[in-house]
Amino acid sequence: MDIFSSLAEQLINGLRTGSIYALIALGYTMVYGIAKMINFAHGDIIMVGAYLLFLLGVGKLGLPTPVVILLAIILCAVLGMLIEKIAYKPLRNAPPLAVLITAIGVSYFLQNFVLISMGATPIPFASMIKVPSLTLGTITVSGITLATLVVTFVCMAGLIFFVQRTKTGAAMRAVSEDRGAAELMGINVNKTISLTFAIGSGLAAVAGLLFISQYESLQPTLGALPGIKAFVAAVLGGIGSIPGAIAGGIILGIIESLTKAYISTQLSDAISFSVLVLVLLIRPAGIMGKMKNEKV
Amino acid sequence: MPILEVTGLGISFGGLRAVDDLNMTIEKGSLVGLIGPNGAGKTTVFNMLTGVYRPTDGGIRLDGENLIGKKPDEISAAGIARTFQNIRLFSKMTVLDNVKVGLHNHIKYPLFGSLFHAGSYAKKEKEMDEKALEILKVFDLDSNSDLKAANLPYGKQRKLEIARALATAPKLLLLDEPAAGMNPNETAELMETIQLVREKFGVTILLIEHDMKLVSGICEYIYVLNFGRELAQGTPKEVLNNQEVITAYLGE
Amino acid sequence: MKRKLISKKNIISVAIIAVLYILIQVLINGGYLSRQMMSVIIPLCYNVIMAVSLSLIVGVLGELSLGHAAFMSIGAYSSALFTTKFELPEFIALPLALIIGGLCAAALGFIIGIPVLRLKGDYLAIVTLGFGEIIKSIFNFLPITGGSKGLSGIPIYTSYRNFGLVFLITAVIVLLIKNLLDSRHGRVFAAIRDNSIAAQATGIPVGTYKTMAFVIAAFFAGIAGVLYAHNVGILKPGNFDYNMSIEILVMVVLGGMGSIGGSIIAAVILTLLPELLRSFADYRMLLYAIVLIALMLFNNSSLKKKLIEKRQMSRQEKSEKEGE
């Protein structure tokens, strides 16, 4: 295989991983924008989503695939809302660190709940996405990659349309800009925050589907790594910014895939994080983030 | 001899010209007022003088020393101290410790002393305590020295901010609306304290107020700012009788 | 306002430390401790050091750091490399190892200090987390540190047999940090936390002092790493991941931000808790998670505020009665 097609293949791989990161990063960034908190448990929603796909489908209930996917998304959205209501809402005026620790607690809770009920041994779970691969000249693009790219594109386009063009989306933007003022304008802040968690968690379920289709193995800690990576992507792009999360995710995915292919697998995390540190040193609020200066 | 010379000072935020071509000369030991309607750019001037904002153009000299490009802590070391319009105390620390932070650069001992409480630690800490209490006494705050700053009543918080500023031994003290939120009695008392501070600490004072009557009571000289430009300057009497100033304040 | 070198406070601290020391020694030598408990005695000490040093950054300086384990790993690896390569007698090797571990960690603290000058809040948190992961990957990659197989054959200098020395080191570090808080440097850290704009206007070079706090905290965390390395005898990069940093952060937060005593108590409880809950096996982490969430919710609830108010009221009444 010539250098060009190997590079092209790595770029496509990177795009695939990156778009999964982007999907998860959207959840982080939306919640951060609106609730001003890092939802550390977000990665574990991906894990719950993956287990739900298994249990609703081949693992237990054996429902048809489209129903399984839809149900998993809905259940994850409900879980997200529930977590917000029980664990985060009472802390809305608490110091940010208290909220962060609570989110870490929720993350531990989800992981260990699944660990107890499903066991620690990895469960093999064959991909639910069955799309034929595509060959363009010397480059072969796998079916999962194709599906991943299409699904993430549709999700992102849908989300951007929703946030920019609908009334509810406008309410979300208003709450993220100034919660107090939005409340005075008659926007139901609680409902908006709740909805944000629902959307973010629903997207996490989709990411769970794509992620598990690639790795084909279930484990209670499977959400941790993509969770952290997506968090880095969100910060890289400028946390709170939707286009930033998308750009950050894709950039991170491509960097990772290129370093794994051409430099070192072991150093790929180090390189990703180094890029993050460098970007933040040059642009302290991320690529597309807005710097907020305290008024003196 | 002037302590502060401001020449052609201006700053733009994006397209907005917040302050334009401001010239000020403040004599050593004087008490000068900077007044103007809301949004005239008074606090922006303070922020430029203390290095929070870097002016787009113009010069600032303190005792002949150029201050442009210096950071806030370097400007504090050069001899300008300030208070803030929206009080900024070290709210979880005690009243005494707030003032002792002001003394940090004046009564020193090395990190070794801090870690081991050895060497000159005890002696210097005692010196700091005494000095801080002496400053607090001027503001009648010495009896509250062990209280958390956040638990002080509002009026006393404003005074503590001035006390902390004075602890840095400034040549020039900038007070940003020191009487904001006070009732007339408290205000009158504060104005007396400010005059006392000038005599006792030998410091030059520039203060922002938008209540003109207040300032004219104690200031020898007044600058009036409107829309970022100097509208008038002079003695309180001259300024109060200036037709443009009256129009700016009362409208047409 | 009395300030004496041998103040009442210091005498009390020394007394508490002495009593604790004697108590634990009696427990160890009298054979009252199970083997399991013996094995957590040293971890107890280095976790206390970790919690207290992180408290300096998070509680006192007010900056969120999610990479404290990285400092510990640098201390652990650098000292372990030194002791395994040079094979000096223990009484020379251990003190040198402590200094080397501390200094290497402090050097990293200085490097991390650079982004600290520019970043705030959540951005700083993710960068510290990133630094931790970078260090971990580098240890994983370098041949000299044994890669993912780990660095083994480290001499065991700090087992429970050497508890006296480890306890002494821990006590000294705790005292030094306590001292620091009650000094001109410690005051400046707290001032930066409370209001960094005002601190700068008061003449404090905020960046310098933030870096200083990171360097000091890193130095002590490095020493904790030395104790760790020479207790377990084998180092694996995976041991120092962000979960460990978070565990220490939880100690600091549960202990009550900025309270040294609180951090120590939380570190002790959280180190012992998994051991005590061992009979619950699988459920212990779930329990831990629930306790964590419940505590955070309680800490910030109106119920707690009411309880505090009630206590203050009754106190006030009491003092009024006494005054009569």
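By letter and in written order, the chains are A, B and C; residue numbering begins at 1 in each of them.
Basically, a residue touches a chain if its C-beta (ideal position, glycine included) is under 8 Å from a C-beta of that chain, and two chains touch if they have at least 3 such contacts.
All figures in this text were calculated on a predicted structure; none of them were measured in a lab.
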Checklist outcome for this item: Minus chain B, the contact groups are one piece
Item to check | Maximum centroid distance from chain B, chain identifier (CA atoms) | outcome: A
Checklist entry - Given the two chain pairs A-C and A-B, which is bridged by the higher number of C-beta pairs in contact? => result A-C
Checklist outcome for this item: Comparing each chain's Cα average against the average over all protein Cα atoms, the nearest is chain C
Checklist entry - Using the average of all C-alpha atoms in each chain as its centre, how far is it in Å between chain B and chain C? => result 40
Checklist entry - From the C-alpha centre of chain A to that of chain C, how far is it in Å? => result 32
Item to check | Gap in Å, rounded to a whole number, between the CA centres of chain B and chain A | outcome: 49
Checklist entry - Which residues belonging to chain B are in contact with no fewer than two other chains? => result 52, 84
Item to check | Shared-contact residues (touching 2 or more other chains) in chain C | outcome: 197
Checklist outcome for this item: So chain A residues touching two or more other chains come to 296
Checklist outcome for this item: In the complex, chain A touches chain C at residues 32, 38, 87, 90-91, 93-102, 104-106, 108-109, 111-113, 115-116, 228, 231-232, 235, 239, 264, 266-270, 273-274, 276-277, 280-281, 284-286, 294, 296
Next on the checklist: Residue numbers of chain C touching chain A in their complex, please.
Outcome noted: 58, 64, 114-115, 118-123, 125-127, 129-131, 133-134, 136-138, 140-141, 147-148, 197, 242, 246, 249-250, 253-254, 257, 282-283, 285-286, 288-290, 292-293, 296-297, 299-301
Checklist entry - Touching chain B in the complex: which residues of chain C? => result 1, 3-5, 10, 176, 179-180, 182-188, 190-191, 193-195, 197-206, 212
Next on the checklist: If we count contacts the way the header does, which residues on chain A are in touch with chain B in the complex?
Outcome noted: 296
Next on the checklist: Touching residues of chain B toward chain A in the complex: what are they?
Outcome noted: 43, 47, 52, 84
